[in-house]
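Here come two complexes built around chain A, the first alongside chain B, the second alongside chain C.
Take a look at the complex of A and B:
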């Protein structure tokens, strides 16, 4: 299965959530590959604490160079052995593989040609054969990478593979409108995908939204709010819900919602069970949300439309 | 108001889903074995609030409220819940259909033999009752409305087909229920001198007039209703019995299809089995039918266009009977110039039976007519007093005596003899034990009509007491949520303890809660006195604020400037709230006055110290 992560705006927590999902999925026993297609700023290495690949790999065998046909195979980094974080090192019992396929440092965006599409198809085919879950992190907005992938996934060779899209957005007015535009708008993913040969209804049904950094009004942290603040937030939340429904981002198309966590506000990192249980720096709700979302990612019922 | 409808309704939902839903399927029945009435009641507990109260709706998964999802999380997420509901509803509609596809309305386990050791026959168990018709109307309308909205979000063909099939069986059931009600409407005539006639005159005669005059006045008071009944031609209650103008009459619903009732012609092929009920109105079934029929012409039914043309015709025929019946009972209940017959508790029926429960039922039939008549507070006060007394007599607001006969009314219920059922087996009864729930529902209704704060306050006080009583009767054996009913908890002499929920009772409590929610949603009563006071206070505050500006206190620095801005804002808010919420406006005005007074006091102090 291939999961494509994207968002309209930067700062939605797309990369950090995707990394956490890959991590959780691996803990749940799947072999997971994380492909850093964020060509403008590959950051997955930093989130996974893989030294030498914080801002893309320096080996010269990153995804940029692979797609441009400058190396035969992209580099694969085993996170369980390469991570510098104490808690991540060593594959836990029962966990699957967790592999990072980094971008190249200083790679940047590049024009897309038909050869590149072919290489992308080859990459996906081989990755899919090797891993149960291939998570591809795209950059924000309508990027070259998104076009590349829309073309690649429309190809006949990939028809047998399940491809799903996750669109990340924060729970604010602007982000909701932007995310809806990215998917349903003019020159949005659906339109662009249909042009490239995707079936509109199928494509639409393979896209789900993930809300990030959502304030949970019923959480204990909110106890400090003044009553008028709480009342105001509740009304706003209701308005946002209505807006989300109108822009087709309502509950039916939402796959999950990640609560606001102080840890993630200041540092993009994986949230391990250690962070919740021992050091207690992260909220249990956050890790639970990742855990649930990782399960729903591969749970067919959650992708069944009404 | 002590009732917190939202929280309580969610508790009921939690309880019913916890009880009924599991991965293996829906668990039907409760204290009584499943039957068409009980199953409908069970579903109505969920469907009625979900379709009547906007914040409880489940038909648009994108907009389901969070606390609703938490209460129902047993059934899945906002997308799963409506899908599962559709399947449960379809199961209900299919279970209560004949092999030929016609809806059936058997009362099953709700019927009880008059002699405890007798065994009711299969045919008797299959007898349709008005309760089933009425509950079906509520359920089918809720379902049709639900489908109407839910279909809009569906894209998968398989689901759409499922929903279409459900809509068809539901609509058929609705037609069947309406036909059933048309064929169980009863008009009964009797000589003034007969037992029934004398009983009626005794009820009507509260001022000691000669019987002859009472009969004449009754004729006069009921002349329009009699004329209206002559137009009643579909189904049962044919007009021929009214030709003799010397006879007295009563109208309403019998317990089931009337013996010999004509078939109602419809385009849809629906079985219309013969009945065995006498053409005699039962107060209980009359009230039940009136409640169900009211849903047919509710605003929601009209806006969503839930009825097809044929059903609209049937609805019109039912509305005529609804109007006439309500006016009949209301006229009789408030007959004469002295004390109302309604106030002469307990009510005595024309077959010579007396019970506080009958008084309560007549009140119920009357209350809706009060709405139509835009009754004055004076009338409402009298009805309120009746409810007050019925609450006391029913041992809801008073402690029961030793071996109090009123307690049986809540436990075994008032037993209504289903005359005619003995043609098919032993004599059968219908136990009606919903006294407390009916009382609360009607009290809330009257409170909603009251225009004076005193009256509303008194009625709400009564509603609070009735609610405490009902809360005391919650079933504590269910693992989660709240279901009903355990009368033994409030009546110490009652030894029976139940383990399983009664859907009969729980559904009635849900109705009360929905009524309470509708009540809470209305804007508060505006007392003229409060409005005057608020306006005066606001005037003074406004004036003093103007003077404050005049003395140039804005020059006194940022502290006072910010203060004045805040005061200005509060005054604007107070003015905006004045008409709708004078009390809130008053609170703001008082706040402003206090702040201005602080400034005045400070200045006075400065002047003194010179």
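Take a look at the complex of A and C:
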């Protein structure tokens, strides 16, 4: 299965959430590969604490160079053995493989030709042959990376593979409108995908939204709010919900919602069970939300036709 | 032997210089298809050059071998000492499908010093398929070691890229359904074979498992065998892949619920499709069988394989019994 992570804007929490989902899925026993296709800003190495690849790899064998035919094979980094974070080192009992295929440091966007589409198809085929879950972190918006992927996934050879999209957005007016535009807009993913040979209904059915850094109004921290503040937040939330429904980002197309977490507000990282149970710096709701969303990624019922 | 490799053989015999080294890389992977494919389909997929024959054999195991493709190269060669060595010539690549199930893609060349000290017209190199001629003297051990240790992103002769591309072409074929029954890794075997005179010791020098996908093999061979070494390496890579894949499948099955009988039964398709492929030294020239045997003594391939196979069979039998008793107990208590 290939999961494509995208968002309309940068800074939505796409990379941090995607890394946490890859991590959770591996803990749940799947072999997972994380492909950093965010060529402008490959941050996965930093989130996974892989030294030497914090802002993409410097080996010259990142995805960017692979797609440009400058190397035959993209580098694969085994996160369980390469992570600098003590709690991540060593594959836990029952966990699957967790492999990072990094971008290149100093990459940037590039023109997409038919040869590049072919290389992308071959990359997906070889990754799918090896990993149960291939998670691809794309650049924000209708980027070159998104166009490349839309072309590649329309290819005949990839039709036997399950391909799903996650669109990340924050829980604000502007983010909701932007995410809706990215998917349903005139120059949106569905339009662009249909032009490239995707079936419109199938493509639409393979897209779900994920809300990030959402303030949980029922959480104990909210108890300290003054009554007018609480009332204002409640009414704001209702308005956002209405807006989301109107722009097709409502309950039916939403796959999950990740609460705002103080750790992530300050640092881009994986939330381990250690962070929740022992050091107690992260909220249990956050790790639970990742855990649940990681299961829903592969749960066919959550992806039934709408 | 195929037409391509026998040409290599011809090219080397008319100049009996012992200072040659063959370099190669073999990739092995599971064919991306839901079932073992019949001979005719393997033939169509491997028909890389229109008009050139795909070699098919049924015994002792179904094996289809593509025609050889030739690619011109004019590049630097990696030397362990860092010495700058340039070479010009051609590389051969080919692919095979064994048992309708396992794909191999390999690239190789024999490197030796040129007679002339300048670049010759291409027709000269084209007439020597799979030969690369270096300008200036070479140290075969230095070249062999340089090739074995060559990093993936290197500007030197890149047989890895050629074998990967060949693999991608076969696996990307639109004749396949891309719905394999299990997920597996692709492995790579990087090998060298340097020539020695008849009096010098020959055979296995070293076989090493470098990481979870890369293996290296170093051989010494008499010059008249050099063309056959590629088949030996492909056969070895196939068996190494079978062993690694079975180990990987077992590890993955036990990851979820260590002793669940269902987990073991899920191994069934793997057992069925892989177990009968174990056929050491099939299609290998008899003169090279001693190399297999030496490897067997050191790496114990067959011993490991038999242990694994027996373990799986025992588990499957045991699980079937357990499942049966669960079912009968269940119905008895109703």
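General remarks:
Going forward, the second predicted complex is superposed on the first by the 305 of 306 C-alpha atoms of A that agree within 3 Å, B and C clash if a C-alpha of one lies under 4 Å from a C-alpha of the other, contacts with A are read in each partner's own complex, and residues count from 1 in each chain.
We take it that a contact is a pair of C-beta atoms (placed from the backbone, for glycine too) under 8 Å apart; a residue touches a chain by one contact, two chains touch by 3 or more.
Note that the structure is a prediction, hence the values are computed from the model and not measured.
Taken together through their common chain A, the two structures put chain B and chain C side by side without a clash.
Contacts of A:81 after superposition on the shared chain: neither chain B nor chain C is touched. A count of residues in chain A touched by chain B and by chain C gives the higher number to C.
After overlaying the two complexes on the shared chain, residue contacts for A:244 are found with chain B alone; chain C is out of touch.
Within the superposed three-chain model, A:129 lies in touch with chain C and out of touch with chain B [touch as defined at top].
Of the two partner chains, neither chain B nor chain C is touched by A:234.
Judged by the touch definition given at the top, the superposed model places A:51 against neither chain B nor chain C. The superposed three-chain arrangement places the nearest Cα atoms of chain B and chain C 18 Å from each other. Of all residues in chain A, those touching chain B in their complex are 201, 218, 241-242, 244-245, 250-252, 301, 304-306. Chain C makes touch with chain A in their complex at residues 29-30, 32, 151-153, 158, 160-162, 164-165, 167-168, 171-172, 174, 176-180, 183-186, 252, 255-256. Chain contact summary for the complex, chain B toward chain A: residues 60-64, 66, 77-80, 83, 153-156, 159. The part of chain A that touches chain C in the complex is made up of residues 29, 31, 59-61, 65, 70-73, 75, 94-96, 121-122, 125-126, 128-132, 156-161.
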